[in-house]
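Everything below concerns the one structure shown next.
Here the chain labels run A, B and C in written order, and each chain numbers its own residues starting at 1.
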Amino acid sequence: MQKTRSLLVSMLSAAVLQLPSGVLEPTIPDQNPLTPEKVTLGRQLYFEKRLSADGTVSCATCHDPQQGFADGHPVGVGIKNQTGARNSPTVLYSGFNEVQFWDGRAPTLEEQAKQPLVNPVEMGQPSHDAVVKAVSAIPEYTDAFKAAFGSPAVNIERIAQAIASFERTVAPFTSPFDRFLAGQKDAISDSAKRGFVLFQGKARCVTCHEFNNSFPYFTDNKFHNIGVAMKGNFEQLAREAQSVPGKGAETQQAALAHKPGVEALGRWIVTRQPKDVGAFKTPTLRNVTLTAPYMHDGSQKTLEEVMDFYNKGGEPNPNLDGGIRPLNLTKEEIGDVIEWMKSLTDETGGKNFDWEQLKELSRKTRAGEIVAAP
Amino acid sequence: MAKYTLPKERAWQQYLTERDGLFRTLPRMSRREFFRSAARAAAAATVAWNGIPPHSFQLVNVAEAKETPPKFTFAYVSDSHILDKGMNHRFIRACQKAVEDVNALDPQPDFVLFGGDLAQLGKPEELTIGQGILKTLKAPVRMMVGEHDWYLDLGEKWREMFGEPTYSFDHKGVHFVVLNSVIVEDYWTEPKMTPMERMLAMAQLDNPHGRPFTVGEAQRDWLKKDLAKVSKKTPIIVFSHSPLYKYYRPWNFWTDDAEAVQQLLAPFDTVTVIHAHTHQPLTNRIKNITFHGVLSTAWPWPYAPKGLPALTVQMVRADPFNQFDGCGWGSVTALESGQVNKHYALWDRNPMDVTFERVSQGPKGEAEQAAQFKGNVSWPSY
Amino acid sequence: MGRMHRILTVTAAMAVVCGVTGLVAYGDGPQHELPAPADGHSKVVGLCDGKTSVTVPGVAPGERMDATTARKVADELMGKYDEGLQLAHGGSEHTQRETRVWEAELKRTIDEGYKWFHSNELGTNGISCDMCHPDASNTHPESYPKFQTQLKQVALLRDMINWCIENPLEGPKLAGDDPKMKALEAYILSTRKGVALEPGKH
């Protein structure tokens, strides 16, 4: 029974999400098969500012289709202009991550979607019940919930499932590099081609920014300490970590992840293992030209800065990943790698979503022209 | 993935209770202790989605070991194999990294043992660089010689810089003996090998024409006399570069007169041998003697195809992408009983502890070994 | 004609015939002399054993066969092939000289590989392969091709050799046709003689 259901799930999902040949399907929870109705509802909820406590912040605020589904800021800015501690990751291709957040504390997109809703510096709701209440009070959603889930009942699981379903379709595969891989040899410049060779060789990138036909997303889904923001006194940080209130591991982890200073402990916050101190998840390189500034704290503004950081061997600290070492790349080689990274920028939404439409929706909801996405 | 056996809720409760325990003791900990103790705590939170079996959130604080309190701790840095190729060379940086880590310990260890093979090719420049790095250690240093230090000039420079390689000392009721256990039969004089040829021959671990390490009759005589003055109840700790037992002859993981040396140590109640050369976590027990190998700062050796002692829990194979993987430093805590707990401070991995309690339980069955082994998995897995 | 004269004439005639035959045979060493086509005009294809052949009706000598016909011809030849002694090179057995050359050349290549495996000159930082792989342990050549986690793609043994030279040894990659690469592979493979192939094994 289980096997049949999974097969059905993946067949349905395949109809909604189209992947280039040889690319493995993302892992979709059995309870949330991908359907067009869920994607539609999810898109509406994605732009819905009334999900936040004061009606000013939606998912699209920090994960803006106009800004590569990020926000152009070093760290997220939530309700009442409060800043968080971490850079907003892009939603592009996020459906292919094994876990979500820089420290991997959410195992699925569904779980991730629930956290900003109740984060005091993000959407600031006192509880998930408040979110459910807010959505239930909007009559426009009744039909959408019915179409997506079979009944108009609103609960936090359904909200998260719809948003996650929408996010899973944000996977374009329309970059010049994708065309190059498909056989169009002049899709990228010679410099970019050299950059790709360096990426796999001398620059030692591919071992963490995993890339192959089956998994073309430039991340190994693992956590590495490359030394960004490793300037704290960790004994002190650990003591602070214990004083953060919160019931249950999830809330506490989220709170720690947003406490400036403490958040630098990274993956350690989730696993409590010493080898994870200061380690953060390898992000994708796709659309990296759209998602500046870089690193988990947005501390590096340009790709040149990023390349120089790696070229010098990261930032020394007691827990620096042993794979990080000075690269001795020449200025030209760095230029080639950056040229190649530029070729990873998607041009349209491709077969899976309408990027122009989403940019329009973002513009309109920000300008207040519309309250919610149709 | 191994299946976890505790019902989910019970595991969760256990996890929460023990996690609170961790947070309560955090203020009392030094940075390094904090890292060490947090190692014993796998997050049961990850059980839900990663399916990793929950270990209990146990704080095995060395200072509160159940069966017998500790008397003192010493640290070790070993097998640095320094090459004179610029101060940015990875072997030099690794040695410095170990020294920094040991210096960050709070409280400081009573002393630091250097386990041998300070130089790679026995050159004076290499030994000098190494000495310079070790001089920055805050705690006092006890030196031990390895074959890479010795065979370029048969120990001339070593003696000049560090004194006689064979000696003993007493510390807080424990009698320490330091041996030069890399003596080999002369095979270089007759073919008129140059000093560097001899050194290179000794430096090649898998040298098919190598001769086995020995302690030798002269040192065994010295040891006999030295031990005659020591009460049988006094705990003995022997520092030796070669293992003082027979593990794998082709790689000289071997001491040819091991039985003779062990016999000299047989009358004593508690004996521990701390040895180097093997660059890997290694545990053995022969009669009254426990043997612990130490880590190298420079590179890990693979486990030998034969002869691995049954007590040893192997570390996962190192990833060559990571220049520090499988390497590190460590410490030894001498207990009131005279036995020791061994701590491996592996870089980029969770630390490994081999307590005497564990050693006295004997070799674990395969399933248990696998379970203990899983807690120490490093990334990436192959 | 005298009797002697007749014998001489016959002998001379035979000598001429044999001589002519000898000239034809001398050419490039032993050749597979294809018989005449069974039907008198079609293509004849010979097998490398120097003995077996088959006529291909409907195909002229020098004409290229289509894939189906070629397949049938190959099947027929292999069907007629007498397994017996595997002969090559136009039907002669391997000579002792040849066998000695093979062994000597292989040994030389493997020894060369042993030397490079233990040399710190492949890299620039003094590290040699035998430091992590004494006696070529943990090289597992029988597990290739496999997805190599450091490369994040499928690799052959030589790809991993080059990766190790570039990364832990910090040296320049070897070209595909570099004799050092051939030697290194030869040595590593020679240490795993008899071990079953297991591509993809991790």
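As a convention for this text, contacts are C-beta pairs under 8 Å (C-beta built on N, C-alpha and C of every residue); 3 or more make two chains touch, one makes a residue touch a chain.
The structure presented is a predicted model; accordingly, all values stated were derived computationally and were not measured.
Participant: Based on the touch definition given at the start, go ahead and assign the chain network to line, ring, star, complete or other.
Facilitator: If you draw each chain as a dot and join those that touch, every dot ends up joined to every other.
Participant: Counting C-beta pairs in contact, which comes out ahead: A-B or A-C?
Facilitator: Pair with more contacting C-beta pairs, A-C versus A-B: A-B.
Participant: Looking at CA centres, what chain is most distant from chain A?
Facilitator: For chain A, the chain whose C-alpha mean is farthest off is C.
Participant: Measuring from the mean C-alpha position of chain A to the mean C-alpha position of chain C, what distance in angstrom results?
Facilitator: 54
Participant: For chain A versus chain B, what separation do you get between their C-alpha means, in angstrom?
Facilitator: 42
Participant: Residue numbers in chain A touching 2 or more other chains?
Facilitator: Where chain A meets two or more other chains at a single residue, that happens at 204, 207, 220.
Participant: In chain C, which residues are in touch with two or more of the other chains?
Facilitator: Chain C, residues with two or more chain partners: 149-150, 167.
Participant: Please list all residues of chain B that touch 2 or more other chains.
Facilitator: Residues 90, 319, 321, 323, 380 of chain B each touch two or more of the other chains.
Participant: Where on chain C is chain B touching in the complex?
Facilitator: Of all residues in chain C, those touching chain B are 118, 125-127, 130-135, 137-138, 149-150, 164, 167-168, 202.
Participant: Mind listing the chain A positions that touch chain C in their complex?
Facilitator: My answer: residues 200-202, 204, 206-207, 210-212, 220.
Participant: Which residues of chain A touch chain B once you look at their complex with the stated criterion?
Facilitator: So the residues of chain A touching chain B come out as 99, 107-108, 204, 207, 220, 222-223, 234-235, 238-239, 241-242, 249-250, 253, 268, 270-275, 277, 318-319, 321-323, 325-326.
Participant: Using the touch definition up top, name the residues of chain C that touch chain A in the complex.
Facilitator: That would be residues 147, 149-153, 166-167, 173 of chain C.
Participant: Help me check something: in the complex, which residues belonging to chain B touch chain C?
Facilitator: Against chain C, chain B makes touches at 83, 85, 89-90, 120, 204-206, 250-251, 299-302, 304-305, 317-321, 323, 380-382.
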